[in-house]
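See the structures that follow.
Both complexes shown next keep chain A, but they swap its partner, so chain B is in the first and chain C is in the second.
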Partner chain A sequence: MSGFATYDARGVVIPVGLIVLAEVAARVSGLQSDSLAAPSDVVVAGVEALLDGSMLIATYQTLGSALIGLSIGFGIGLALGVLLGMFRVLDHLLEVTIEAIRPIPSVALIPISLLVFGFGYRMEIAVVAFATLWPALILSRAAIAGVEPRLFEVARALQFGLLARIVKIVIPAALPRVFVALRLGIGISLIVGVTVEISANVIGVGHETMLAGQSLRPALMLAYLVWIGILGWGVNAAMLLAQKHLFGPAANMEARL
Partner chain B sequence: MKPSRIAWFFASLLVACGFVMLWQYLSDARLVSPVFLPGPDRAWAALVRGITQGELGARWLGTIERMIYGWLLASFAGIVIGAFIGSSERARAYVGPMLELIRPLPASAVVPLAISLLGLSEAMVLTVIGFGALWPMLLSTVHGFAAVEPRLYEVSRALGLPQWKVILKIALPSSMPDIVAGMRLALTVSLILTVIGEMLASREGLGSHILISARSFRSADLFAGVILLGVTGYVSAMALTLAESRLLRWRESH
Partner chain C sequence: MNKAYEASNPGGPHAAVTAQTGAPVLAAKGVHITLGGRKILQDIDLTIGEGEFVCVVGASGCGKTTLLRLLAGLYQPSEGSIRYRDKEMLKPRQDVAIIFQDYGKALLPWRTARGNVALALEAIGAPRATRDARIEELLAKVGLPGEADKYPNQMSGGMQQRLQIARSLAQNPSVLLMDEPFGALDAMTRQGLQDEVLSIARSTGATSFFVTHDLEEAIYLGDRVVGLLANPGRVAITLDVKLPRPRDQLTTREDPEFLRLRRELFDFIKKAEA
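== the complex of A and B ==
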């Protein structure tokens, strides 16, 4: 986790070395390939795609469907998680149902979603929602179950109703861990969104990568690959930073995934 | 298992049956078009027919085979490379930041590159599975090796143990919990990438089965494939849980 908090120049050596090596190798061999490109060509292709707007449109499509899917999936998962965490009877009763649906890999839903919605935003949103529902449910349920039981005794003593109990006790106590779930969920939504675009959908950065590969433009394809990496890293780093500032050590109770 | 736990299990099984009956009702009453949602009866019939008369069984085996090969490949490579990186502080300083940089990259994003390098072949699918599943393996092994109690290393130095013996006898067992956790995550990733690889490369497997079924509007076959994928995910996770509790039994004495 301290990967970028403590800056160590030694970590730069290998990536930079590899890039320089690739550049030199490509120049010396006079690389003419349908699948690889020199790093400088990749940069040029990436900047061109950024400037003509195509990369930004694709990014907007990917992030948009990932975020909408996340809001739906995380919302449902959170609501279910709070419910199941507070009412253990319900949790016990739904155990088999949940354990039967949860192991279905989210990509298996791509064809179903394609059948129902056709190509476009909605099919991607549906798959992302399904994928992000589970971590939200599991982690928020665990967060609620981990709330100090004495707080509920206090709530009983104060004669809180259900709503007051949720708003005044459960949510504040579980919030740091729910935020951890949100952080993981954002990562998952981006991964699943790109995966849907790679394997079926016709929008977004995943599709553009696929298209560049199929039209034998390796520099553009690799530029998109790097761009997807930057997006993933940026989102992850931003969420880690937000978590640190918002909750400090309170969020560190997480079991490392 | 305690009696109350068994009672709860049966109660929740009843609830699940209720949901299946609701599903049946929904499709019988045509509240959802049967093009999208076949009833559980039709999905089940398609499943049985596919396995007894059709190719579904062979496709299922193909998927399982790819998943396990890719996973074993990734686990082996991940443990070996991870042990090397994790047991040396210098290697961690050089390679660690690069690993953290690549980690959030969706594994599926390398599929176009793999296709243009290897074509729509079996090797491409295995490479993608192996590459994707390598990261969780590698990172958890590095983490496990880095977290080994330093005094154990001092002891081994005092005993004059050679490096490979230190890894085999001290570091590997004590990072086993991390490694097993990584293998569990890697198995999930393997299944996902297997399905994607099969969809894109049209290899004989469940991934291509569900995609082709969807394209030809055979929703019953599609759901049969999805059910099998769910079963695969469930059984593989269960098997790993069992293996984990056996492998890590020695920890309970602490």
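== the complex of A and C ==
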């Protein structure tokens, strides 16, 4: 998981070969299509969209609403997860409520969100927040509940108070797992954000992809598809790097999830 | 034969025999404990004197660990009382240190060796400026000089247990409670650590309570060996160990008195299991 350097060069053969094959096939057949485009045309359309700024604006809109939605959803989920993890009574009290709301697919909320907030950032942020709240809640609750009980005894034997126990034991013990939840949450926020844009909203890369398809510009549509893939890959790589730097050797022990 | 198949009474014959025994440090008086509806320990009377090294043996499930946890203040007796220097033990004390068997779980995996020792220094509120020097000193004392920046998962089991001992010493304990600390270690490492613990107990003057299921280990380390019987756990035998100190892995274990005590303890365990 340490970037390109460790990949076997042979692994590149198949994707590059397929792209070359697609290019040759498109040129030879003189491709004229509403849904397909030659790889070179996709690159040209992508570079054009990048240069005229439309792709960057759409990226800013998508990442912006995904990250704000994530901050809200993850923040609420984390706070609830910590509370439920530390106080079993609360956990029992809220169990039914949580299990009743959690299974609702987040995208099913798009119509309601659209009705309440209208088009734009707010409706997308709301859906993303709902989608990311649950993994944050459940994984952070599990992280707290999974703190080695022996460590609490060590803390008791050393006579640490509640605050010292949280700061010195609970948080550092749970943090690597909470970070794994955050990585998961970022992925979900992008997926849900783009889904909202494709299905309803009028901003972001998802909307641009739909627009390109509907205006019969397959090269641009595919360029956006590739771009969304790059965004997802980049965000995940950045998170992995951050995880390695933040938790170092301790991550090897705690973050195996 | 100097057999004593009954509980040792404070002030009774056993408290009197042990030469090194000073004033009582830890005392269990008429202790019963029931956990989860099961009677774990019954009528425990045990007095541990200043600087004494007491070992507890017995089959698994006989309540050895429960007794240690009672003495540590982690459990409260259902009946009777645990006293520490004439104060009732109602919660753990910083000068009573516990060394757990599962060192891998008792150490903080996200802290280095230095950080793990620092945890105890933070607990007792040691001045920041003195901490680094104290950590170096403690790590050297347990045989881990120069390992301060390693994480527990970069250390062998023996090293991790040494680290846990260093952390417990950082509390400046007057009592060391050890719960089968070497149970998971190989024979060579175990012998090295036995001698280490003896020298630490000697140099710090700490009173020691050592739970083990290894009868020879108990005799080798202890001034007194207490044997428990299970269901419910009770004191069934008390042996005074009058072997000369400092002890030696070869000569002590060949001493006729060692062999005699070993035979007596083995007979007792065999009889208890029959």
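By our rule, the second predicted complex is superposed on the first by the 224 of 257 C-alpha atoms of A that agree within 3 Å, B and C clash if a C-alpha of one lies under 4 Å from a C-alpha of the other, contacts with A are read in each partner's own complex, and residues count from 1 in each chain.
The rule is simple: contacts are C-beta pairs under 8 Å (C-beta built on N, C-alpha and C of every residue); 3 or more make two chains touch, one makes a residue touch a chain.
Owing to the predicted nature of the structure, the values given are computational and were not obtained by experimental measurement.
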Partner chain in contact with A:Gln159 - chain B first, chain C second, else both or neither: second
First, second, both or neither for A:Leu84, with chain B first and chain C second: neither
First (chain B), second (chain C), both or neither touched by A:Ile112: first
Partner chain in contact with A:Phe247 - chain B first, chain C second, else both or neither: second
Contacts of A:Ala38 with chain B and chain C, given as first, second, both or neither: neither
Contacts of A:Ala173 with chain B and chain C, given as first, second, both or neither: second
Of chain C and chain B, partner touching more chain A residues: B
Touching partner for A:Leu151 - first (chain B), second (chain C), both, neither: second
Shared contact residues on chain A - chain B and chain C: none
Interfacial residue positions of chain B with respect to chain A in the complex: 8-9, 11-13, 15-16, 19, 35-36, 90, 93-98, 100-113, 115-117, 143, 185, 188, 191-192, 195-196, 199-200, 206-207, 210-211, 213-215, 217, 219, 222-223, 225-226, 229-234, 237
Interfacial residue positions of chain A with respect to chain B in the complex: 3-4, 8, 10-15, 34-36, 92-97, 99-101, 103-112, 114-116, 187, 190-191, 194-195, 198-200, 206, 209-210, 212-214, 216, 218, 221-222, 225, 228-229, 232-233, 235-236, 256-257
Chain C residues touching chain A - in the complex, by the definition given at the top: 72, 74, 91-94, 97-98, 100, 102, 105-106, 108-111, 119-120, 122-123, 151, 153-154, 171
Residue ranges of chain A touching chain C (in the complex, touch as defined): 148, 150-151, 153-154, 156-160, 164, 168-169, 172-173, 175-176, 247, 249-250, 252-254
